[in-house]
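In the two complexes that follow, subunit A is the common piece, with subunit B as its partner first and subunit C second.
Coming up: the complex of A and B.
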C-alpha cells in the first residue's frame, strides 16, 4: 500500500465522494496503490483497517474537519490538504504529499 | 494566523455537520403535520384536545424539540471536534445554557470553543501517573471543562452575550421583516452562494443561514436554499436545452444535477464551472442573487425552519414564490451559461498533465 486517504466535507454528500474518486483515479494513473475512505453523512465508507493503515507510507486527509478513528493511524505520517485541491488536481496533491513525506523521513 | 482561522472553520464545520440532521429532522417533523393541517385550513393545533388534530399537534411539538436542540448539538460537536469525547459534556451543557439564557448561537459558539480548548489543554498538559490515567477522560476533563464553561458563560460573559445576541437578533429580524432589507440580504447571500460553490464564501452564507435557525430567524436560510438548489438545476436545464454544447461526460453530470438540485447541493455545479470559471462564476452569482431576490419579492416567507432543496417549498409560506425563484435562477444559468461558454472544446482546468503543485498547501498533523 503506497498511501491511504480520507475525504470528508460538511454535508458529506458531494465533495466527499468526488474527492475520493479523484484521488483513486489519480493514484491508479500514477501506478500507486491506495485506499480512500469517505467520511460522509452516511458514516464511514470503504473503511481503512488498522492493518492497511499501518502498511501505508502516509495518510492523506482531504478535509479541514474532524476525522473519526484517528487512532488507526498511530505512527504513520499524517498530512492535511484542502478537499478542493483533491478534486481539482489530485495527481499534484499525491505527488506533493509523497515528496514532503520523503523529504521529512530523509532528515 | 491563517492556519488558525482554517482550523476554527474546520471545527465550526464539524459542529454544523452534526447539527444539520437535527435541524432537518426536527423541522420536517414540524412541517409535515403543519402541511396536513393547512390542507384542511387549520393553522394551529393548539385548540384541539383530542382526535387526529390533537395527535398531529403532539407530533409537531416533538419536531420543535429537535429545533430547540440546535445550540446544544452545535456547541457539543464543536467541542468534540477540538477536544474529542471528553469535551462533549461541557459543550452540551454550555450549549443548553446558551438556549436557556438567551445567548443564542453566539453563546453556543463560545461554549463549544471554550469546552473544546479546555479539554484539549487538559489532555495535553495535565500529566498523571499511569494508574490514574483512566480518571482523566472520565472525571478530570469533564469537571474542568464544564467548570470553565460555568464560570465563563454562567458569570463573566452571561450579560454581554445575552445583550449582543438579543440586539443582533432584533436587528436581523427587522431586516428580514422589511421588504427592502430582505431583498438586499437576498441579493448578497444569493450571490455568495454562487461565488465558490461550496468554498469558504459559499459556506459563510450557508452557515449564517443555518445558525440563525436557532434564533427562530428563518428568512436567511430560505434565501440561501433558493440559490443552493437553483444553481445545479441551472446546469441540468442547460444540458437539456443545449445538448450539442456539452461533452458526454458533462451530459452525465447534468443528469445527476437534476438530483443535486432537487436535494439542494450547490457542488453539483462544480464540474461545469471548472470549464471556464472566469465567465461562469459571474453567471452563477447573478443567477443565485436573481433567484433569491425573486423569491423574496414575490412574498415567500419562512414561518417554520425551511428545508433545502426543491422540495423545500413545502416548508415555505407562499411556496410557489420559492419555486419561481428556483426557476429564475435555473433559467438564467440554463440559457446564459451555454451561450457564454462552449462546454465541448475546453478540458476542465487541472485535468491535464500540467497540474500545478505550488498553490497546494499540505501540512503535517
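Coming up: the complex of A and C.
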C-alpha cells in the first residue's frame, strides 16, 4: 500500500465523498495503491484496518476536523491538508505528500 | 432516486444577486415543494453549514447543504442564475452561477445520504461539470444528473 487517506468535512455529506473519490482517482492515475476512508454523516465508510494502516507509507488527512480512531496509525508518518485542495488538485496533493514523507525519512 | 430529485426541483434563469438571495430562494422552494415546514429553519441550516466552510467549488458551481430536523424529505434542488452570484467564495475564484442544494433530514437513511454523495462526487470530474453547464433545458439537466448519479451508485 502506497498510502492511506481519511477525508472528513463539517457536515460529512458532500465534500467528504468528493475528496475521497478525487484522491482514489488521482492515486490510480499516478499508479499508486491507496485506500481512502470517509469519516462523514454515514459514519466510517471504507474503513482502514490496522493491518492496512501499518502497511502504508503514510497517512494523508484531508480535513480540519477531529479524526476518529487515530490509534490505528501509530508510528506511520501523517500529513494534514485542506479538504478543498484534495478535491481541486488531488494529484498535486499526493505528489507533495509523498515528497514530504520521503524528505522526512531521509533525515 | 425519484423522490430525491425530479424535474420540479430544477430552477433555471433565476435572478438572484447574492448568496443570501439564493439561500432564501432555496428555503422558500423547500417549503413550497413540501420538503420542509419552516423557511426560517432551512435558511438557518444553510447559513450554519456555510459559516463553517464555503460550499463554492470550481467552474461556478456551489453545493450548499442544510441538515435539519425541520426537513421532511431528502432532496436535491438545482438552481441556475442569469447573472453570477456575488459573495460566494469558490476554490478557483470563479463566480457561482449553478447551485446544487442538498436538503437533508436529520434522520436520513444511508441510502439517501449515498444518493446525495453521488451528486457531489459527479462534480469532481471537469468533463462532467462542463457537461452540466452545457445543459440548456430543465429536461437536459434532469437527464444528465440522473444518468450520472445512477452510474455512480456503488
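In this section, the second predicted complex is superposed on the first by the 107 of 107 C-alpha atoms of A that agree within 3 Å, B and C clash if a C-alpha of one lies under 4 Å from a C-alpha of the other, contacts with A are read in each partner's own complex, and residues count from 1 in each chain.
One rule holds in what follows: a contact is a pair of C-beta atoms (placed from the backbone, for glycine too) under 8 Å apart; a residue touches a chain by one contact, two chains touch by 3 or more.
Computed from a predicted model, the values in this text were never measured in an experiment.
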Superposed partners subunit B and subunit C on subunit A - clash or fit: clash
Touched partner set for A:81, first subunit B, second subunit C, both or neither: first
Partner chain in contact with A:66 - subunit B first, subunit C second, else both or neither: first
Contacts of A:51 with subunit B and subunit C, given as first, second, both or neither: neither
Subunit B or subunit C, by number of subunit A residues touched: B
Which of subunit B and subunit C A:102 touches, first, second, both or neither: neither
Touched partner set for A:28, first subunit B, second subunit C, both or neither: neither
First, second, both or neither for A:15, with subunit B first and subunit C second: both
Touching partner for A:42 - first (subunit B), second (subunit C), both, neither: second
Clash with subunit C (superposed arrangement) - responsible stretch of subunit B out of 9-17, 81-89, 99-107 or 225-233: 225-233
Subunit C-contacting residues of subunit A that also contact subunit B: 9-11, 13-15, 18, 41, 84, 87-88
List of subunit A residues in touch with subunit B within their complex: 9-15, 18, 41, 61, 63-66, 77-82, 84-85, 87-89, 91-93, 95-97, 100, 104
Subunit A-facing residues of subunit C, complex: 49, 52-53, 55, 57-58, 63, 65, 67, 91-92, 102, 104, 108, 110, 113-114, 116-121, 123-124
Subunit B to subunit A touching residues, read off their complex: 6-7, 9-11, 13-14, 16-17, 20-21, 80-81, 198-199, 203, 260, 263, 265, 267-268, 270, 274, 349-350, 355-357, 360-365
Sites on subunit A touched by subunit C in the complex: 9-11, 13-18, 21-22, 25, 41-42, 83-84, 87-88
